[in-house]
Amino acid sequence: GGADSGGDAAEPLKVALLTPGPINDNGWNATAYAGLTLIQEELGAETAYSEKVGNSDAAEFIRGYAEDGYDVIIGHGFEYGDVMKEIAPDFEDTWFLVNSSTLSQEPNLASLSLNNSEQGYLMGSIAALMSQTGKVAAIGGSEIPPITKSVQGFELGAKETVPSIEVLTTMLGGDSDVAKAKETAISFIEEGADVVMTNANQAGLGGIEAAKQKGVLAIGSNQDQNPNAPDTVVTSVIQDYPQAMKVVVERISKGEMKAESQLLGVKEGAIYLAPFHGFEDKIPQETKDKIEAIVASLMDGVKVISNE
Amino acid sequence: MAQEMRATIHESLERKLNVLTDIVFYAGSVAIALLAGGLVMLVAGVSPIEAYKLIWDGAVGDANGFKETLVKATPLLFAGLCYTFAYRCGLFNIGAEGQLYVGALAGTVAALYVPGLPWYVHLPVCILAGCAGGAIWAGIAGFLKVGRGASEIINTIMLNYVAIYLVSYMVTGPMKEPGGTLPQTARLPDSALLGKLFDSRLHYGFLLAVAAAILLYFILHRTVWGYEIRAVGLNKQAAKVMGIPVNRNVLLVMMLSGAIAGIGGYAEIAGVQNRLFQNFSPGFGYDGIAVALVGGAHPLGNIGSAILFGGLRSGANAMQRMTGTSTSLVYVIQATIIILVVCNRYWFGGLKKRIIASLTARVVGRRSDARPEENVAVVLGIGEREGRS
Amino acid sequence: MNEEVVVSFLAAAIRLSVPLLLAGIGILFMSRSGILNIGMEGMVLMGALAGVVGAHYYGSMEAGLLASVLAGAFIGLVFAFLVVTTGADQVVIGTAINLLGLGLTTVFGRSLLGMGQEAVQAEGIPVIPIPILADIPYVGEALFHQNLLAYASFLLVPAAALLFYKTNWGLQVRAVGEHPLAADTLGIRVHKTRYACCVIGGMLAGIAGCSLSLGILNQFTENMAAGRGFIALSAVIFGKWTPGGTMAASLLFGGADALQLRFQSFGIQIPYQFMLMFPYLLTMIALAWFSGKGKQPAATAVPYKSLSNRSE
Amino acid sequence: METEIILETLELVKRFGSFTANDRLSLAFRKGEIHALLGENGAGKSTLMNMLSGMLSPDEGQILFRGRPVAFASPREAAREGIGMVHQHFMLIPALTVAENVALGMKQGRSPFFGYKRACAAIRELSDRFGLDVDPEKRVSSLSVGQQQRVEIMKTLFRGADFIILDEPTAVLTPPEVKELFRVLRTLKENGKTIVFISHKLKEIREICDRVSVLRLGKLIGTTDQADTTSADLARMMIGRDIQAPIRRTRESGGRVRFEARGLHASENGVRLLKNISFGIREGEILGIAGVDGNGQRELSEALLGLLPMQAGSVLLDGEELGRRHPRRMTALGVAYIPEDRQKDGLVLQMSIEENLIAKEYRSAPFSRGGIVNKRKVKLNAEEQIRKFSVKAPGPGAPVGRLSGGNQQKVILARELMLNPGVMIAMQPTRGMDVGAAENVHRRMLEARDRGCSVLLISTELEEIMTLSDRIAVLYKGELLDTMDREEAELDRIGMLMAGALPNAAEAIIH
């Protein structure tokens, strides 16, 4: 690896982040921002971020940060992969990290992705176990791999856990229309679904709101979404990008980073369940045991969910 | 005779002064808009001086920044020309955004599915396909206007949404990169890409856009067709009585206007992105309206204003990179610029007239005849809308 | 398809049509006085943000609603100044208002509501089942189990009709939209009337925004209007510039949306993008169908210079 | 009683820019009289009346109404005092009903509601009292012009006007409608209302008015009792000299028919616009078509030019049928056209004089070659035409919208004559032009005729028709009634035909 300049103890590591959406979206982008904050706080790095960076502007930002001497540039989304691949060779002293991608390029481009299928699998299993009606629903936002995979994983998990379950799924085609997300969830709930999972960034909260209003349960995605609706969100399957990002940046700072793609999941502790909060006492022990067993099988590698 | 001569000198001088004062006042409007933007920054807790310094540095601070400005200016110029051209024919094409998308889509289809051609054949084919895509998309609105009398304003807006979803469908469905998982097409073959200028991100699309501006200027002001377009734009009824085929012109202008946006869309793909994916335009089409207005709805004026807005965008990007300030601020500045430019006549019309009058008087001597109020509007050509049905 | 699906569909159609109806009636006020407002999208966004900010800072839904109304009135006033007093091009100003709405709500949304990880929650518009009526089988559930703004928006329709067709002021508005000069010669203050309509329209835009933010999620998210301002404009055209027609069109669009969401559960397999296109295509088809038949107020989008200002 | 002054103006001045439209006018109107205001186009009549009715405010001078000085900031204030005006161009809202139009802006007590029933009743009552015959519940768009005018009068009465101004009320009426109007006016007068009546038609003034004031170039020439003056006196006061008929060489008889129409039929939405119109015009002949405005003049010219689709009939040029027509094709065939409304149909006001001048020939040499405009040639041509027609303009590049009405018309005339036309269709070629400018136009048209051009002159000014035409036909309700040689045309007969008073005696004759 060429990017060893970050190891200088004298100067703090400089880390820049690009997100495709607004960092206050309570979802995908917020996660990355949280990761950056973690890096700043725990690794003492100097950080910068740019949000809502569309593809047409990405190169400009990435090159800009590289020229400004940033040691690590994190593109939070597969869409930055192409551009980073092109720019990376020009800045051998900088590490380029693409989140949610499987790209890599010697000597300084690596990628980090979480196993969204696994995340979905977990959510689906829990949803199926919690369902009384035998119907559960998953709603995805934009049609991009991390989301479609989590929805597909949801379906798989639900069916494997409770074979008789019926799974309703759909894509919203976007992340900003809260009203549409809420209505979609309502339509599924009225179809009979009694556990709903929404994975759609800003719009996602619409699904939880619908569940709350209709008195059914919701599974949170990506972050612990229980605080948004304590009586509705049973648990959330967290994809801990913050932790994962921190780990990777730490590796870079120690000079241990390799230019390869990294897929993290339950086993690596990057995907895990949020606390049950108020549901701790409401869920029957039997169900809790089943959930634990599924988590354990993923953790041990007994069960492997491919992210392809 | 002498008086006639004087009148002629007077007039040409006055016209020049008019253009000059227009430029001065437009620049003034932009300055005021920037001030207003600064105010918003203050309220939002950002230091305007620092922000503007960053914007300035980012936009024109160095060669790279300026090239980046031109990269941004390219799609903006295409979109501005798209609006300008339709506007000059009395049409409101709010659909540059959709036309960019469909142009990009059509161009990409040609790039990916017409293989094995040398670049000097393939690239023109792709550009023409982009043209055709944009032209068809705008043509739908034109056709509905001519055939059914349906407002092109609403239809072009609706078509923007349809186009964006269409592209989204294509890149997640039929045109998805074979074997890939991402919602995007395969990389365009080299023979379909636009070359780079000065070894930077700046590509030949910029020259294409400037050429389009010059071509449009030539069409509008030097050709028979341009004469027809302007006549239709200014007075449809009279144009009809004079024997100008109004409907045919409306349809053709709408289509050419869409074609310009279409090339813009393809140029963005073939020059910057190298592949098509959803939401590739961050609203270039809508910004084009502002570009056209600030450019005085004149093709050559568009070049300047596209660079201005391009600079604003790339500068704002630089600002965000360094301070994390949201680029949404630029929308506020843009909106303020539009408002100030459009209302220029109301706020500064009288002042402008007085300045021109006193300047002309100083040079040629006072004239006795009255100047009707309308004159200013005629020369301004902005904020005035004639010939709408 | 059983009854429950129909009821749920109806209820959803109504919920989805509420923002459209509110914004549509707002546009109707402006249209009737001869003003074309394509800036509704931006106005709705500002109303949406104002609602959350008001509700958050003052801790009550009423404060949020009031803030929306005030913000809407203010932007309506600005719009009126720009298009009525300065006589600027209405299409262009509308476009600018949209940009302004998007930009300002983003910038101020953050500075007022923070960048926090936790979304700012505020008190939402309550759902109020109407006693007795709500218990009517099927219909009650669909029609009388809605939130406050939904009832208000549907009551607005007869109110607007009454205002337009039965009052002196309504007659004035219609006259101003058709032939401002003639109205002016009869002593009607054309500019004042247009200002009033713009402010009313702005207020309704604000409420429409509020119905999105406080009515659905009690939160503001960036660009949450998602094109509804434009659809509302189509609803007015589709509704032939009448309150009843606007309501019918809003219900149609709301219904189309609700239906689109349910296609999947009916087992209809269409790529979702095509479903998303549906309302827009419907608008175009409606427009093509109705063009020439509709009665757009004759003075639409034509700036007017008032007689009393002329002599000055 | 007879001489009680209800309204008086003292040294009233109104300027538009540096142009003085009303120059120190002092007039007095007596209560209960019908007072005519006479003057050429642009003399300042409407301007004066607009000041009295609060549409404009005077720059200098004073208005005394019922002995008190008044200053109206708006028409509403004038109406409150009892002054109402029926404008030259109607101020009616077609989409609303009569009652809504009439009661618009009136408050009934404190109620915010519009008392439709009450308004209707009040209108019916007024309608009966003054014999106006208007149905309050009809939509204005469905009314005839005469009915619309009565609605306008109703509007003033409804507002309690005692002083009613009628600006050229007869210009748009057919003779029977004029009779009807006069009956109404007499009833109003009997009820003590004062009426100001503006007209260009001496005959009407003699028939209905008590006193006449004459304006010329914004100045008051004088006020006389109608009974004490002759028409010739009035005309002299109005124009400042005796009327001189332009010299018209009599046409050498013979020559072949150049332009011909056969059995033109046109209708739109079931309304018949043109019915069986046939005529022929020889080389070097002017066929005048007389008729009251709105009897199909516009439709006829548009049908000939191909702007209005026809259901039947054919148009022939030099004996050859033209088939599908289109303005561009007609231009190519050498047919010139002077449209009725020069600003709407004839010119692109924001374009320059030079560009307007090439509107018919821009596609061909020398003005363009290979689709590219030759700017130098265009400019040279404009300079030549400006000289030839003595257009008063700052230069060839000046926007046409800046020119005065007369000069705009000169630009159109120059453009059409540049075609060297074999046929010219001229609609209201001198509308809104003063006598000098009108004479100029007439001279040009006669010159064209003498060069062999066939001219179809459509005009509502009978005088213009009588002066220029070699033959005269009358258009009534979309039908051509009778065609006669100028020499045998009698004014009375034409007037009766215009009013539709004669049965369709003779089928139109094709020469």
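Each chain gets a letter, A, B, C and D, in the order it is written, and its residues are counted from 1.
One rule holds for everything that comes next: a residue touches a chain if its C-beta (ideal position, glycine included) is under 8 Å from a C-beta of that chain, and two chains touch if they have at least 3 such contacts.
Model, not experiment: these values are computed from the prediction.
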Going by the stated contact rule, which chains contact chain C and chain D alike?
B
Name the two chains that are joined by the greatest number of C-beta pairs in contact.
B-C
Taking each chain's centre as the mean of its C-alpha atoms, give the chain farthest from chain C.
D
Whole-Å distance, C-alpha centre of chain B to that of chain C, is 29
Distance from the CA centroid of chain A to that of chain D, rounded to the nearest Å?
77
If you average the CA atoms of chain A and of chain C, how far apart do the two points sit, in angstrom?
36
For the pair chain B and chain D, the C-alpha centroid-to-centroid distance in angstrom is 44
Taking each residue of chain A in turn, which ones touch at least two of the other chains?
22, 143, 173
Chain B: which residues touch two or more other chains?
165, 168, 172, 326, 328
Numbers and ranges of chain D residues touching at least 2 other chains:
none
What's the complete list of touching chain pairs for this entry?
A-B, A-C, B-C, B-D, C-D
Which part of chain D faces chain C closely enough to touch in the complex?
55-57, 73-77, 79, 85, 87, 91-96, 100, 103-108, 112-114, 116, 155
Hey, which residues of chain B end up touching chain D in the complex?
7-8, 10-12, 15, 222-227, 230-231, 234-235, 237-245, 368-372, 374-375, 378, 381, 384, 386
What residues on chain A touch chain B, complex-wise?
16, 22, 48-52, 54-57, 59-61, 64-65, 68, 78-79, 82, 142-145, 173, 308
In their complex, what parts of chain A are in touch with chain C?
22-26, 30, 33-34, 143, 168, 170-174, 176-180, 182-184, 186-188, 190-191, 202-203, 205-206, 209, 213, 223, 227-228
Chain C - residues contacting chain A, complex:
4-5, 8-9, 12, 15-16, 19, 106, 110, 114-119, 121, 127, 212, 216-219, 221-224, 226, 257-258, 261-262, 264-265, 272-273, 276
